[in-house]
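Per-chain residue numbering starts at 1, and chain names A, B, C and D are given in the order in which the chains are listed.
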Amino acid sequence: MSRERKRFRLALLIIGVESTLMEKPYLRQISKPLLKNPIFVQGLPGFGNVGKIAVYLMTKFCGAKPFVQLYSPSFPDYVSVSSKGICRLPRYEFYSANTEKNDFIIMTGDTQPSFDDVLAHYELCGETLDFVQKQGCSFIITLGGVPLREEKAQVYVAATSPRLALEFMEKGAVIYSKGRIVGATGLTLGLAKERGLEGICLLGPTTGFRADRGAGFSVFKFLMKALGNEVKEGL
Amino acid sequence: MSRERKRFRLALLIIGVESTLMEKPYLRQISKPLLKNPIFVQGLPGFGNVGKIAVYLMTKFCGAKPFVQLYSPSFPDYVSVSSKGICRLPRYEFYSANTEKNDFIIMTGDTQPSFDDVLAHYELCGETLDFVQKQGCSFIITLGGVPLREEKAQVYVAATSPRLALEFMEKGAVIYSKGRIVGATGLTLGLAKERGLEGICLLGPTTGFRADRGAGFSVFKFLMKALGNEVKEGL
Amino acid sequence: MSRERKRFRLALLIIGVESTLMEKPYLRQISKPLLKNPIFVQGLPGFGNVGKIAVYLMTKFCGAKPFVQLYSPSFPDYVSVSSKGICRLPRYEFYSANTEKNDFIIMTGDTQPSFDDVLAHYELCGETLDFVQKQGCSFIITLGGVPLREEKAQVYVAATSPRLALEFMEKGAVIYSKGRIVGATGLTLGLAKERGLEGICLLGPTTGFRADRGAGFSVFKFLMKALGNEVKEGL
Amino acid sequence: MSRERKRFRLALLIIGVESTLMEKPYLRQISKPLLKNPIFVQGLPGFGNVGKIAVYLMTKFCGAKPFVQLYSPSFPDYVSVSSKGICRLPRYEFYSANTEKNDFIIMTGDTQPSFDDVLAHYELCGETLDFVQKQGCSFIITLGGVPLREEKAQVYVAATSPRLALEFMEKGAVIYSKGRIVGATGLTLGLAKERGLEGICLLGPTTGFRADRGAGFSVFKFLMKALGNEVKEGL
């Protein structure tokens, strides 16, 4: 039976039909927005959920709409259940936004792969970049938290080039020079650089023990201002 | 020698003969029952073994017979030994049943992959759905336990659609809205939804410290009644 | 460069030359002994090293000679170093022996894959069976220890069939009916059964805290006697 | 969408274009130095960072220049950030050096794969050997630390052959006969031996609790002297 199944699979592959098994991350397209040289902004769950919160505020501010979902067999094996009892798999979501200044692809997610599955992290960050490059992105912004106890709400920046680090320092960020940026926040930017793309990482200091709305708001506000969109405090 | 072996394998593949290595889950067919639009019911080891117990009772109640075994290299590396000293690999088993109201494919198993091997969980749930879809199933029911201490024997329901959640609520279940359903109980349903199938998950509250026959019986009895088969207490 | 490397690899594969990377277990043949329907006997490191000790005694008793080595990228990442400072990779070794009663392939090893890498266990037991089947083996004997504190030196047996369990019980072994045999000792036999081969597992009770020469000797002596080779105590 | 993506990938592969996903280690070539039968010297992070320190001193002493970088999806998922805020992925680096006595390829790195990912260790050591063999290396030297508390600064040697062990013993090293050399320091040498290459491993005793510059210097100095390059203390 094993043989037959394998030969069946091979045959299917050759004639161009594939099994429905989810063996790799895959994308489900919901709609096809018009995007012109969009900037990619990523904020995933992590330290103090700073990146996820900042990106959530940005989707609201820009009126962004989800257009692609990414599923992966490296995500945890659960379903989330809504208050009405409806279940769905964990996923990443890509939103599109057209603002006066820029078009954006904004990405967030329910979860990340297990911290010790580094191959999955490389794979998912790579899939993400493959996708956004096909959409025309060449500038990558990742948002996250960094576990630091600080009195003043700083925003830190790391970049793919000295010119960019300088540019965002002039806009008010502090150069991040503490050694490492762990997880997807760092890895997506590192892989982007390897592909010849440019980009920055903005980090909000947080104690990281709970969801840090203040740090998320600071990062969001700084980014919007740096890109020319003033955020009013009353948002 | 490595080269020769690899080329030998490649040659075998090209001429359509494959190695006997078990590198993927595979199915062993024991018999070919006649099944008309069967409903798929899954109950695997888990919290309080509620799902496995419920499914065991269902196989007895319906006179179900095993017809397919599923083996996987992601299962633990042991053999179980019977009281007569006969060993066999751990496996999942699919039973068929023809009742007055419905045909069923009922699945249970000795074990599950290691909790941290999420790829294996996605693969096995996917293989399971591939198989039952080929048998004509389009409705999926997963049974499991949920770690809650409750006085009254409730049965909780989560579903792939609001209509289904409502339908089973009207039959006496309580909407499950606690956030997540972990493991194969949730994942099979989530993957089924992704394929466009419909289904529900029924959960029996249990402390989870030991096999909970009471919770298993409640889930089994509720399911049978909901599908139109009254279970008498004296079973 | 990545592309070029991959295309280079693909090209090599097509023209029949492969990279020297060790991505799979592979066999190195040292000599080609003449073997007629050999019996396969396996004893790997494990509880009290009972299996490995029993097999070591058997190679000495039968004058067995190593003829094949198996290397695997799932073995731990170390080299062992001899007293003269010479290093080598960990490996399994297959010995051949021609006795009056039977021909044997006897297998032992330096190590096993990590306990949590179940795929590697399935793969290596499968590779082992692939190899010994090609050598004409159809009877499989695995030797190991079982963590039990007993006064009398029993040997336990589990088998692929009731007939075999009975046969070795009549020769003095006790039926093993304690539930499970973990690791390669159980898995090789379970996979052999799945392929339609026959065989037994012999287990020596041991506390398992240190190498148990007594248990190893008991298992070895029982096996030799059962196969018609009386072992004198003075070995 | 999954299907389309996979078919798209397959199509790309057939026409010779590949995805930009990093699914395997890959090499980025920076320059093409002229090297004649170079000796390969490896020193990676490990016990007391002895190997990495020794190799660092050697690159300075020989005026070595980086010419190839190796990236891998098995490396940890972080980027390192410079004092100017510039990020990059962790990597191995290969340096070339032409000295009066010998040409060298010297390799070091930021990190190693997770200790429990043995497949990645085998893969990376194999990729490393593939690469240096293509550059004409047939002699392999690995440098590392060994957790021993000793009064005198010994250097230990293990080798692929008795002749080599003897040769370096005569040059002042002590034969290492403590059983095992773990990690890339041992594995690269073991895999080299499997390919028919020759080489040695030099180990500096260290308590391993912190970076041990003394042990690193001893190993470096011994190696340089053994290869005919006297190091003055004032380096």
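In this section, a contact is a pair of C-beta atoms (placed from the backbone, for glycine too) under 8 Å apart; a residue touches a chain by one contact, two chains touch by 3 or more.
Everything numeric in this text was worked out from a predicted model, so none of it was measured.
If you check the contacts of chain A and chain B, which chains show up for both?
Intersection of chain A and chain B contact lists gives nothing.
Using C-alpha centres only, name the chain that sits farthest from chain D.
Farthest by centroid: B.
Same or different: at the chain C/chain D interface, is the fraction of residue numbers used by both copies above or below half?
Chain C and chain D contact each other through largely non-matching residue numbers.
For the identical-sequence pair chain B and chain C, what's the CA-based rotation angle in degrees, nearest 5?
90
Could you work out how far the Cα centre of chain A sits from that of chain D, in whole Å?
The computed centroid separation for chain A versus chain D comes out at 34 Å.
Could you state the distance in Å from the CA-based centre of chain A to that of chain C?
The computed centroid separation for chain A versus chain C comes out at 48 Å.
Scan chain B for residues touching two or more other chains and write them down.
Those would be 22.
Quick one: in the complex, what on chain D touches chain A?
By the definition above, chain D touches chain A via 1-3, 5-7, 10, 19-23, 71, 73-89, 113-114, 117.
Name, in rising order, each residue of chain A that touches chain D in their complex.
Checking each residue of chain A against chain D gives 13, 16-18, 22, 24, 26-29, 116, 118-119, 121-123, 125-127, 129-130, 133, 157-162, 165, 169, 175-184, 186-187, 189-191, 193-195, 201.
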